[in-house]
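Next up: the structures, one after another.
In the two assemblies presented below, chain A is common to both, partnered first by chain B and then by chain C.
Entry: the complex of A and B
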């Protein structure tokens, strides 16, 4: 008899399916509701299996969300994109440089600096927002892109991931470069950075998610649609006493999630390689 | 091309002295091999010449210039590493030429030098490949090419053949010797393999625990080793050291007596030392016979051609008296 599931794999398979369903069901529900133009039908069927099968399928909710002049979706998306991309570019540059100095530099106490940086991972971001808000107010940065970008630049996890990667690059490579006349910066620029594509992908994905989905800090420091990101704009659906337009909310959420999914698909090969290598290599 | 002068150079890590005050002269244009067991300080010495390790005390001169505190890239040296140390993301051509580009050399001159090095090392068809697409031998050639293009005064090799298989190692030994003849540059080569040292060097420096045991031409070290350490280290199989209270009648009391395996003859009928065959290794052109003798302890004898001796049989070993090496107080007294 041919076994479909080799011995001992059925239970793990069922467990994996259950977890996958737990993740996929809300996403499927989000998509199906966003395609349902009938608000009454959405409210009646919400929470039941019927919410996965809309009576009529239409993109009307998407058209409403994308063209609502009171809630300029593409403006919000551009704001989010500017803040996220700018943070990513600056953050990857600065954090990788910091990690390179700690991993390959010979400054006294650099390992202590790393310990200190890693320790800051344990500090909840929420505990920092009030002092940061006061600082931003004093500097006149409230309601700007800069105030949304600055706190995201120095990232302890990103420094740590880069440090781990740079520490594993064979010493001979940098010594050969030293004999070739590379300066410390050139070793970073021409050797370490080109080799770190997997860790750049991992850091980029993690920080992209963090920045794209940031809510607390942007809601505190943005006032109008000029610099407001998607998350804050979406939150505004729930801030009024009016009935929540679930079709629009879900269409908004799907539109907001698509760039994240595309970005992950773009970077996933390198990301998985990075995660795998961090597990396999000592 | 330049000579290298090492003057009272010491290397300490904290309180541990790994190279006690060491003096050495490496003549211009020579192929000098630093050889010794693991941990003897040969790589540390090479890295101090390269500038990759600081010197605790003493001075290093290259071509008469004190370079003790000069940056590695300004010393006029190029180094080939055991691990090749090729930049994985660059092509062969970029690996060879990148140092020149950083030094601000013009594109046409740089390409000329890369082509020249590629011709010497037969790397022409591989210039666009990445290191991972090359075999071990090809990678080693690229690493040598990277050294050649810089036209250094001194080439430094840190066990460059250790990662290659035996056949390729033998081939690369010949290629490196030919390269030395062609370039005529000063080359300093570190290895723990005495065969590499014997076959490639004009001058061998035998190191032990950070000290120089002996410096000389390969055959001089083979024929007249200054210490028992050199006698045991140079030559394969190792020199036999005779055991027993007075293994050779005419030798001074307490002397250590050595004889190389190729300087002992075996006979079934009679000889100096009766011995029992323990093991026989047939190498094709020659045979190594391992014996146990009640007179002088265990012996290894190298015999030309095949010898069909069975383990347990008794043979008679006789040394060539003029080839005996006698050491007292750790120093050679006669042969």
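Entry: the complex of A and C
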């Protein structure tokens, strides 16, 4: 018999198969239910094989959730995209700049700044939502994109990760640049930043996952579909005591998950490397 | 002189935006919540001015049965989910670190739950947990008879366990990837040496892998604990803190008191308590579990 399994790999392989099933079966169920236009049939066949392998393939649920005026899917998606992209861009820009100043600058209080940053990493954002909400109300920011973007860009962990990276860049690199007449900002922009792609992607992915899951804050500061993100719209399916339209819920869920999963499949290597590197610290 | 000054003003300008945001988003609200916790501040403006009430909020909090229930629930969730999730993550990481066929494919598949927003995960598990004929109850009926079912989400005894399983499913890939990174850092010659000494698979794990993962374990223990203490979304969407308050966590209680009931003063006392608790737990874990190579 041909050895498919090198010594000691049969058990890991079987375990990996179990895990894969544990992940894929719920996902298959999500897709299968989303393709079934008959709510009654969904309820009846729930739990049987029919809720894992599609019997009918209908996109009626998708058409319904994409065109529902009370729950404008694409508006929510645009809101999520705007808030997430803006947060990532601004956060990476201002946090990497600040980190570069602390790591390579000559300001007298740099050590204090670093201490302050490290101290704020420990503050759980959830404990601050109420005063933040009152501040947002005073500043007239409730129900805007800005109020959803602001908390994400003040990210002490991101400053710290950039700081760790920048302080390891050899000083000679910058000294040579100084001879060429580079200003401090130019050293950051043209030397440090191009080198820091791994940190940028690690920070971006961590923050993306955070924004993509944001729920508590958007629930509190958004009222209507104009600025609400997808997660909150999804949560609202469960808000009332009405019967939950499972076909629509699952079509909504699939529509929401697919773009991110496709993006992940394209960027898989970077994604895995970035998440792995995010743990190597402390 | 002017050149030095120019360089420094640039540095200040680059430092300023991030610091301003940290102050506005974290420091000011932090001070406000301490301040509010000594007042009867409400969310919406009232005709009666806000009053200083001293330690009343804290006295009420420590006498509040629901507050203690929320703490108990949060601790229960943390104590259940942290070991469960870390164990699963480590097992999956070890399986995916072995030279199994289709390893790349398995890695891709096992990361998928991390990409689903928690609200989507809740929707999926709401179906899996459904009564009386959801998939999990269908399996249960194979053993317990055709009419039997467990009300996973609707029962006070099972609701928190249901949230634990769902949460572990949703976020284990993150810990799994960090473990995978840790496993790849274990020097291969250690395994060879152990094998020459005739070590069994368990002994190789116990005396080579496990000690080498010490730093990774500490890191993951701290971040998974803090993550667990913040539990909110799953509970807010799936159980609304019920049944009978059995899944009301601290953050959910804080949300109910401060946002739904608009009692900012009282909720601020809870948030000050939460902040102190989380920081203390993180520091204690840090102190008791020193990284390798630290004194």
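One rule holds in what follows: the second predicted complex is superposed on the first by the 241 of 282 C-alpha atoms of A that agree within 3 Å, B and C clash if a C-alpha of one lies under 4 Å from a C-alpha of the other, contacts with A are read in each partner's own complex, and residues count from 1 in each chain.
By definition in this document, a residue touches a chain if its C-beta (ideal position, glycine included) is under 8 Å from a C-beta of that chain, and two chains touch if they have at least 3 such contacts.
Since the model is a prediction, treat every value here as computed from it, not as a measurement.
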Is A:26 contacted by the first partner chain B, the second partner chain C, both or neither?
second
Check the contacts made with chain A and report whether chain B or chain C touches more of its residues.
C
Counting only touches as set out at the top, which of chain B and chain C does A:213 meet: first, second, both, neither?
second
Touching A:66 in the superposition: chain B (first), chain C (second), both, neither?
neither
Chain B versus chain C as contact partner of A:145, first or second or both or neither:
neither
Between chain B (first) and chain C (second), which does A:175 come into contact with in this model arrangement: first, second, both, or neither?
first
Chain C-contacting residues of chain A that also contact chain B
none
Can you name the residues of chain A that touch chain B in the complex?
170, 172-173, 175-182, 186, 190-191, 194-195
How about chain B: which of its residues touch chain A in the complex?
50-52, 72-73, 77-79, 81-83, 85-89, 98-99, 102-103, 146, 150
Report the residues of chain C in contact with chain A in the complex, numbered from low to high.
6-8, 10-12, 14-15, 17-19, 21-22, 24-30, 32-33, 36, 41, 43, 91-92, 94-96, 98-101, 103, 106-120, 122-128, 130, 133-135, 137-138, 169, 174, 177-178, 180-182, 201, 215-216, 218-220, 226, 229-230, 232-233, 236-238, 251, 254-255, 258-259, 264, 267-268, 271-272, 274-275, 278-279, 282, 291
In the complex with chain C, residue positions of chain A that touch it
4-6, 8-9, 12-13, 15-16, 19-20, 22-24, 26-27, 29-30, 33, 46-48, 51-52, 94-95, 97-98, 100-102, 105-107, 113, 116-117, 120, 122-135, 150-151, 153-154, 156, 159, 183-185, 188, 209, 212-213, 215-216, 219-220, 230-232, 234-235, 237-238, 244, 246, 249-250, 253, 256-257, 260-261, 264-265, 268, 271-272, 275-282
